[in-house]
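Below is one structure, written out as structure tokens; comments come after it.
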Amino acid sequence: MIIVMKPDATPAQVEHVIEKIKELGLKPNVSKGVERTVIGVIGVDDRARVEPLEVYPGVDSVTPIGRSYKLVSRRFHPDNSVILVGPNTAVGGEKIVVMAGPCSVESREQLKAVGDAVKKAGAAFLRGGAFKPRTSPYSFQGLGEEGLKYLREQGDACGLPVVTEVMDTRQVELVVQYADMLQVGARNMQNFDLLREVGQAKKPILLKRGLSSTIEELLLSAEYIASKGNMKIVLCERGIRTFETATRNTMDLSAIPVLKVETHLPVIADPSHGTGSWTYVLPMARAAVAAGADGIMIEVHHAPETAKSDGPQSLKPAKFEMLMKEIRAVAEAIGRSV
Amino acid sequence: MIIVMKPDATPAQVEHVIEKIKELGLKPNVSKGVERTVIGVIGVDDRARVEPLEVYPGVDSVTPIGRSYKLVSRRFHPDNSVILVGPNTAVGGEKIVVMAGPCSVESREQLKAVGDAVKKAGAAFLRGGAFKPRTSPYSFQGLGEEGLKYLREQGDACGLPVVTEVMDTRQVELVVQYADMLQVGARNMQNFDLLREVGQAKKPILLKRGLSSTIEELLLSAEYIASKGNMKIVLCERGIRTFETATRNTMDLSAIPVLKVETHLPVIADPSHGTGSWTYVLPMARAAVAAGADGIMIEVHHAPETAKSDGPQSLKPAKFEMLMKEIRAVAEAIGRSV
Amino acid sequence: MIIVMKPDATPAQVEHVIEKIKELGLKPNVSKGVERTVIGVIGVDDRARVEPLEVYPGVDSVTPIGRSYKLVSRRFHPDNSVILVGPNTAVGGEKIVVMAGPCSVESREQLKAVGDAVKKAGAAFLRGGAFKPRTSPYSFQGLGEEGLKYLREQGDACGLPVVTEVMDTRQVELVVQYADMLQVGARNMQNFDLLREVGQAKKPILLKRGLSSTIEELLLSAEYIASKGNMKIVLCERGIRTFETATRNTMDLSAIPVLKVETHLPVIADPSHGTGSWTYVLPMARAAVAAGADGIMIEVHHAPETAKSDGPQSLKPAKFEMLMKEIRAVAEAIGRSV
Amino acid sequence: MIIVMKPDATPAQVEHVIEKIKELGLKPNVSKGVERTVIGVIGVDDRARVEPLEVYPGVDSVTPIGRSYKLVSRRFHPDNSVILVGPNTAVGGEKIVVMAGPCSVESREQLKAVGDAVKKAGAAFLRGGAFKPRTSPYSFQGLGEEGLKYLREQGDACGLPVVTEVMDTRQVELVVQYADMLQVGARNMQNFDLLREVGQAKKPILLKRGLSSTIEELLLSAEYIASKGNMKIVLCERGIRTFETATRNTMDLSAIPVLKVETHLPVIADPSHGTGSWTYVLPMARAAVAAGADGIMIEVHHAPETAKSDGPQSLKPAKFEMLMKEIRAVAEAIGRSV
């Protein structure tokens, strides 16, 4: 870490900081300039010790060096991780995976209609929500375990692994029984108890970026999961909150190349939540693939007019087929496949 | 709700929307203009029905009228709610309450030192974290139940009600046994299962605004709690995330007068998290009181240099005494007391 | 526009608003519901009249219908505009244009080195700054007219039209003499006098989106230019300011499909400023093309280590060649060319 | 500045950076750790040299030390600056000044009505816009020089100095003839040519913070003005752009104490633009005073219903009188006066 002293810091204040650093078992490297003194400290785990030193008299700023995540860092694992989901679906390899399905599981019939359609169009995963995080307590909250059953049935029927959200630590055990992959949603990205709990689950995790979470915070949340022993993590960019209101969220596609540099974990993108409008899903799905995403997640509904949630951003099956065709072309242009 | 049709919507599309509205048991009021048709629908619970109509062909936009929260709305409860915490501490009355204590409970001795100091200076609550939501899995995570015990002891010893954070649904039962008020932190403001759980607790709730949550979302989260039967809710503005980095967060003090118009619930402010630096806590505490806050929450530590969390934003006891004196003067200037 | 009255608005207040609307020569359409009254007003130019009505007693909200831009709206001009720049370079057609060159013009030699390289790699425009908007008064401010001369020379030498920034109304006359296209930079997007001035210039305008400007504001700034008679406008997404610091700005690529729906004007993207780091320029250039951009703008420098501005985000010529190859493949995948 | 090398930087890369620093006439201080090397450089003007080094192979990050503004920094001028405006009005002393008047000058009669009212209530300045920066080209653009004349007349009539906005470099000469203080608006905070121009004017400048400008950028814009010789600068916090839509902007009141630490210049606040709604102007004016503002700027209109701009956020004279009374009480509570 780098400790910059204030221009008017006294020699005693500088000495006090140096002493403190030595007490921590670290080695200070002192640079005395005309204007101010700077103290460099190079060691392990320095991030954890950042805060207190900022409080010392005479200290202007303390800047950590290096990243505070380790297990998920590409530095410690240079090769791309490929995560196996279900019996034989790989995420993070040359092939780009498409996860598709309705926002909410509404009924066995609905899920069959949508599931069969996305399978036919080439999706690699079936998605659908049984436990729904809704802003209002008066909105549809999902079918719960009944929804999980339909998901498992339809996943088995069409031979696709199933991904669904888990919202609460107490649901993990149940969801693990039905799903092939557990999704931690944007609003729970910093629900640290939930992260620890899914870190002990024996299933891969899809971790969505929070609405106002930095890329570093996303990686630290992945680190929570990894630190409990579960390295099967896929990250998902799904739009952040900004001042722009023309779209539901602002898709931060540059997070994809940034994440590919920082971590070995696969990264996918969700243009349905990212834009909030089916009109923009196709171009943004193409863009996500071109930016280097390892997969995309798409909301599909056979009758968006009657959808119990997220109708405006759901594609009808025919549009979804067109999307598959378009992203396949872009994937090939960059040397990958769908 | 107001449905604006596109300029090129066909008469059949307009008719389709009108039919659908009638099916929902609502009465459409149609305005045909030169450029486009607008359909007004006035009824109850219209917010819940907003989404699907946006999907209809020819529809340009759907705007809800009215608020989607009810129990917490001032419209349905015009008088200020006064929340009683512990045996005899009221929040939301003429008197402004100060909640003070360390960020984390670190030891019995630390809590006694800080607790005695804040009590002496005039704090109305003792605060302290036993379960800590930390961005990194490698940071200090709190003492857990041991911390709760120290809190209860110190609260009893100095005669102050105790407020502390609960992070997980499974902790609620435990925390209720020790605390007088349960805090739902910023990162859990949309942890809907936790909201439902504390909605069934028999203790008052301090609900902090999420880092990127709108005021409307804060009220909808309060509505989750209220909808489960617990009306003893205090809201807290603690800074939102913006592009500015000079402060840890950006305190949105205008949320205070906005909330006072929208809801009958008490509103407090947390300038320690709002600014992230003890240097700015005093002026922002004064400002929060001047803006109409019913209370403020302040992190105090007898030795910030050794604090296990949030040292840089913690006041020493002497500064806290000064803060109490200053906010008392401002409170009196606006006809209140501390 | 839609005027929603408060639930407790008196009949006299409703009548007052209705009278006022009639005075404005507009026709009110009144919907009286159980809870509240809503007044629809459909007419032309309603946006201009929005503000005052919000002040009337009993009014809860006033929502405009329709867009406030006209000349640049796709509604009034359904076909894509193709803008001719210089003798024979079209922007907005099937072919995607690449504008490339150094951030700042530093010398005749530098511009020749970079200009020849980007021409050879297939760029369609030469870009370079002679007047530089710098955050600090102590940073390099550009070569001024000398830089313009080098730009013209090099543009002529390699047969590329030249685009360069104009920062001040007083510079327009000068820049018009040298450049084929005038750039209005992000920081001047709402410099309304400058917009009016370039609206009277006889050269096409490249209008960059402001750091915190909404898409609607960008279109209104284009409308300023158009309203003065200059319809030759190209819009540019170059990243907005958000809380994320991993990239210099956050590229809002969804602005591209949104703009393509809203306006007939061509839209390009600038991944150099959008990301601030050459590492991310390639994937984001590919993504911009996949999202539907009509062009991209790239900073290239033969020796970024010595660049007087924006070195970290500048590509070396070899990388730029690779970029050209990659975006060509993506363009073809979506049925366009570079 | 602090240069952090990548963990895998080669010795040759480290050496290359060290050589470069020496070439710049600076002295590198090298710390070799187990994981990586850090090079400290302490000297003057280091900020100006930050950019290029980031491009060097093996460099991970370059962090400047110290501030990039000088003339406006409190470090170089520890005492508060008191700015004299007009014959005898001081900004930045013990007394808090109130600048009040209509958003736009609409007519001689309007300005007289409002001007007399604010004078009577105790305002220290008359404000009013003659050149108006409007988002839409179809909105009222101000009376221009006619408006300036009315302002001068009314200022003289009621004995108040006059502050008004200048939008374009070509207007400066004109506005200087009529106004006592020139306002540079939020949208022009980084119109660098305008900053340079008003830096040569012989009148004090009111510099408003841009909608998405950091505090550091505000100070650098002030530095532009100061670097041209005009040190008579007053800064103004007027709300920043965030995701929250309940208020027109989000007032960043913590900018006030931050600025008071960083600069010797006076700081005022504008709750009219900050909130966008007259309902919230009073509490936020009180809060600004409590936070340490040296003044506040308030939009007042005798008939907001007919205002040509900003009606919804304008106070009627009676409310303004109440505001004066309330902020006077808060000012006294913190040892100042109004």
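We call the chains A, B, C and D, going by the order they appear; numbering starts again at 1 in every chain.
One rule holds for everything that comes next: a residue touches a chain if its C-beta (ideal position, glycine included) is under 8 Å from a C-beta of that chain, and two chains touch if they have at least 3 such contacts.
As the structure is a computational prediction, the values presented were derived from the model and not from experiment.
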Listed chain pair A-D, B-D or C-D that repeats interface A-C [over half of contact pairs the same by residue number]: B-D
Chain pair showing more contacts of the two, A-B and B-C: A-B
Far-end chain from chain A, centres as C-alpha averages: D
Between chain C and chain B, distance of the C-alpha-averaged centres to the nearest whole Å: 38
Whole-Å gap separating chain B and chain D, where each centre is the average of the chain's CA atoms: 31
Separation of chain A from chain B, taking each centre as the mean of its C-alpha atoms, in whole Å: 26
Per-residue multi-chain contacts in chain B, two or more chains: 212, 241-243, 245
Residues of chain C touching chain D in the complex: 20, 45, 47-48, 51-52, 54-56, 68-69, 133-139, 167-171, 187-188, 190-194, 211-212, 217, 220, 223-224, 227, 241, 304-307, 309-312, 314
Residues of chain C defined as touching chain B within the complex: 2, 4, 7, 29, 31-36, 38, 40, 42-44, 63, 65-66, 75, 212, 241-243, 245
Of all residues in chain D, those that touch chain B in their complex: 212, 214-216, 240, 242-247, 250-258, 261, 274-275, 279-280, 283-284, 286-292, 326, 329-330, 332-334
